[in-house]
Structure formats: structure tokens, C-alpha cells
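For reference, the structures are reproduced in the following blocks.
After this come two complexes, each holding subunit A, first together with subunit B and then together with subunit C.
And then the complex of A and B:
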């Protein structure tokens, strides 16, 4: 088995790429791989408290929490979050919050890295 | 190098993809990128299908767009998320997202 690092800049709800990252993580974890997800840019909003679930809208919070309980490691970029006005106390339980060098370390000790740009 | 390129947009040209030179290239079509595997423009297939590359399409994104996996171009290998995990770990080393 191996380790996959996924960096995702894509917007929560605004783009399907964050959904892709979560679904890929789910499949990888099911196969016994280890997965780190790094949330940057607008993707940091996935780790913010208070999200509401609307019909016909993508809602990743519950699925992500479930995967975290299965070993998924989700980390939000501290600077990206703070610049968006959301602080440590706004962070969902189980989600980490670290600076950019954490993502570099995560990439360097992974077998595969996929960096999904922002949109 | 074994390079996997994720394509998630359907655009006529992709200058970055055109300039990539590697001995083992895989193109992984996701989201709107799957249209490259199905649509023709003026009767002509997408340029992606004529590249020296193995081409994959994510089945969930194909089906959710009303396309049928068995009607895609024969060059395209349709994979689900499970299959994609194996492609990522077994068939390529580096990845980029265009």
C-alpha cells in the first residue's frame, strides 16, 4: 500500500474538483492506502464550522468527517483561512490547520502527489 | 518519466498538453474533460485522442453527463474511482492537473 497527497485549491461547492478529491480519497482509503488532503485557497472552507446542507448542492462535510474517522488526514492552510476571516476556533473538529511547509513535507513523504489547481 | 495528466475541461486546444514530452504519458479525463472522449467537432475527434498517450475517462463523470461508457472512442479506457486509484499507484509516477 502507499501514500497519496492531494493538494486542492478548488472552491467548496463552486467547483467539482473538491468533490473529486474526496471521492478519490474514499476509494484510496478503501484499498488500504493512506491519504493526506491539503486544503488551500477557497478549498479551506471545507474545514469551516457552520456549513449548511442544501438540496441539489454538493455537501462534503459529513462524508469528509466519516473518512477522517477512517484515517483520512485533512489539513487546511492557516494563512488561506485567516485571510478569509476564518480563525482557529471556526475549524471543524478533526480537521487540522497548519502552515504551508506542512504541505511540502506531506508531498515529500508521499508516493504519489496530485495538486489540483484553483477554480 | 511516467506522467499522468488530469484534464478536467473541454477546450479545443490545450497548449500545455501539446508541449509535454515524456516517454510514458497517460491522459486522465475527469469532469467536463470526458467530453474529449465522446464529442466530435465538424466530424473530427478531439486532438487528445490522437496523442501518443493512453487515455482514461472517469466513469462517474461520463455517466453523469448522459454519455454511455460503451459508446466512447475505442482508444479510451473507462475507469471508476477504484480503477483510478490503481492507475495512480501502479501506472504513473508524477501527475499534473490542467
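And then the complex of A and C:
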């Protein structure tokens, strides 16, 4: 089985790109692949605590946590998060925060790299 | 045995309208410290390629610091050259915008860099894409 690195750049609310990234991860995990999601730029908001679920907006916390329990690795860019006033203590349980070089190392060790989104 | 993997950072978004090109540059520059996460002697070889509207990132004389108080994309491109990253601009796309070597950031001599940017036809950029282990599209 292979390893897939997925770089995400779109916000949780405002586009469906993160929804697609999570669906793609779910499909890959079901097939037995390892998946590393990197949240950069506005995508870091996926990993922030305290978001209230509304039916009109994407809410991926429960789904992502479920996939993390199945082996999905999700890491937010530390600098992107800090610049948005979202600090380490605001990070959802099971999510990581690292620097950009960590993501490049994940790409190095991946069979495929896909970037999804951007504003 | 050491493994070097080529990562191509492909930028086709214009500057300042979104964060994409800035993220491409900051990720590319982060390649300088990636080895701390890898096995001994493994590393990445970064290449930064600007195509389509992305070539607008490369225009000289950006005033983002004066206008908005943020680092310009010009400063980031110069930092990439200072760190000896290979930087490529698509010739056809520069032509499309009426840009020449005189209008774009070809070097970082003013901050002590030796590396020169390359203006290449798209066919050569396609060759870089084919030679890359991974393409990181911003």
C-alpha cells in the first residue's frame, strides 16, 4: 500500500475543497493507504477547537476525528495558524502542528502528493 | 545510500490576490531545513517555476512592505535565489504580459546572492515537471 500526502489550502467555510480532501482521504484509507493531510493557509481552521456546527456550513471535526482514529495523520502549519490568532492550546485533540519543512519531509516519504484548493 | 528527491513548486496564481504564491515561496524556502526530518544524507532538491499568471509574482520593484507592511513576493524570490534555489519563469507567459528580463527579478545580487533566475520556454518547464518526483501546485 502507498502513502499519499495531501496539501490543503482552502478555508473550512467558504469552499468545499476541504470536504473533498477528507472524502478522498477516507477513500484512500479504506483501500489501505496511509494518508498525511497538511493544512496550510486558511485550511488550518479545520484543526481549530470550538467550532459550532451549522447546517449551512461545512463541519468536518467529527468525520476527521473518526478518520484520525483509523490512522489518518492531520497536521496544521504552525506559522499559518499563529498568524490567524489560533494557538497551540486551540488545536483539536489528535491534530498536530508543525513547521513547513515537516510537510516537505512528508512529501519526500510519499508515493503521491496532491494539492487541493487555494483561494 | 542517500536519496535526493526533486520537488517542483509550480506557481500559476498572481501575487497578493490570494496567499497561494506566498505559500509556494515559504514552502520552497522551507526545503532548506527539511533534512532535520529525514534520514542521514537524504534531502530534497527544490525547483520554483512560475507559469501563467504566476509570472506576475516576479515583477521587480514591489512595494508591499511600504503599502501593506508585509514582506513582498520580490523579497521572497530574492531569498530563494540567495539560498541557491533554482527559479524559473515561463518565457511565453512573460511575453504574454509584455515582460522581459529587464522587468523581472533575475538575481539577488543586492543581498549577496549568486544564483540567477532562468527564463525558459514552457517545453523546458514541462521537462522539469517530468523530472520531478513530486509537483506541488500552488
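Throughout what follows, the second predicted complex is superposed on the first by the 118 of 119 C-alpha atoms of A that agree within 3 Å, B and C clash if a C-alpha of one lies under 4 Å from a C-alpha of the other, contacts with A are read in each partner's own complex, and residues count from 1 in each chain.
The definition used in the following text is that a contact is a pair of C-beta atoms (placed from the backbone, for glycine too) under 8 Å apart; a residue touches a chain by one contact, two chains touch by 3 or more.
Everything quoted here is computed from the prediction, not taken from an experiment.
Student: Should subunit B and subunit C be called a clash or a fit once both complexes are overlaid on subunit A?
Tutor: Subunit B and subunit C fit side by side in the superposed model.
Student: Report for A:17: first if it touches subunit B alone, second if subunit C alone, otherwise both or neither.
Tutor: first
Student: Go through the superposed model and pick first if A:102 touches only subunit B, second if only subunit C, both, or neither.
Tutor: Only subunit C is touched by A:102; subunit B is not.
Student: Now for A:4: first (subunit B), second (subunit C), both, or neither, which partner does it touch?
Tutor: first
Student: Which partner does A:113 reach: the first (subunit B), the second (subunit C), both, or neither?
Tutor: Both partners, subunit B and subunit C.
Student: Which of the two partners, first being subunit B and second being subunit C, lies in contact with A:49: first, second, both, or neither?
Tutor: It touches nothing on subunit B or subunit C.
Student: Kindly classify A:30 by the partners it touches after superposition: subunit B alone (first), subunit C alone (second), both, or neither?
Tutor: first
Student: I want to verify one number. Taking the Cα centroids, what angle sits at subunit A between subunit B and subunit C, in steps of 10 degrees?
Tutor: The three centres form an angle at subunit A of 70 degrees.
Student: State the minimum pairwise Cα distance, in Å, between subunit B and subunit C in the overlaid complexes.
Tutor: 5
Student: Please identify the positions on subunit A that touch both subunit B and subunit C, taking each partner from its own complex.
Tutor: Residues common to the subunit A contacts of subunit C and of subunit B are 112-113, 115, listed in rising order.
Student: Quick one: which bits of subunit A touch subunit B in the complex? Just the residue numbers, please.
Tutor: Against subunit B, subunit A makes touches at 2, 4, 16-17, 20, 23-24, 26-28, 30-31, 33, 111-117.
Student: Where on subunit A is subunit C touching in the complex?
Tutor: Contact set of subunit A toward subunit C: 5, 7, 9, 40-42, 79-80, 99-105, 107-108, 110, 112-113, 115, 118-119.
Student: For subunit B, which residues are in contact with subunit A within the complex?
Tutor: 6, 8, 30-31, 60, 80-82, 84-86, 88-89, 93-97
Student: Can you list the residues on subunit C that touch subunit A in the complex?
Tutor: Going through subunit C, the ones touching subunit A are 5, 7, 13, 18-20, 23, 26-27, 30-34, 36-38, 42, 44, 134-138.
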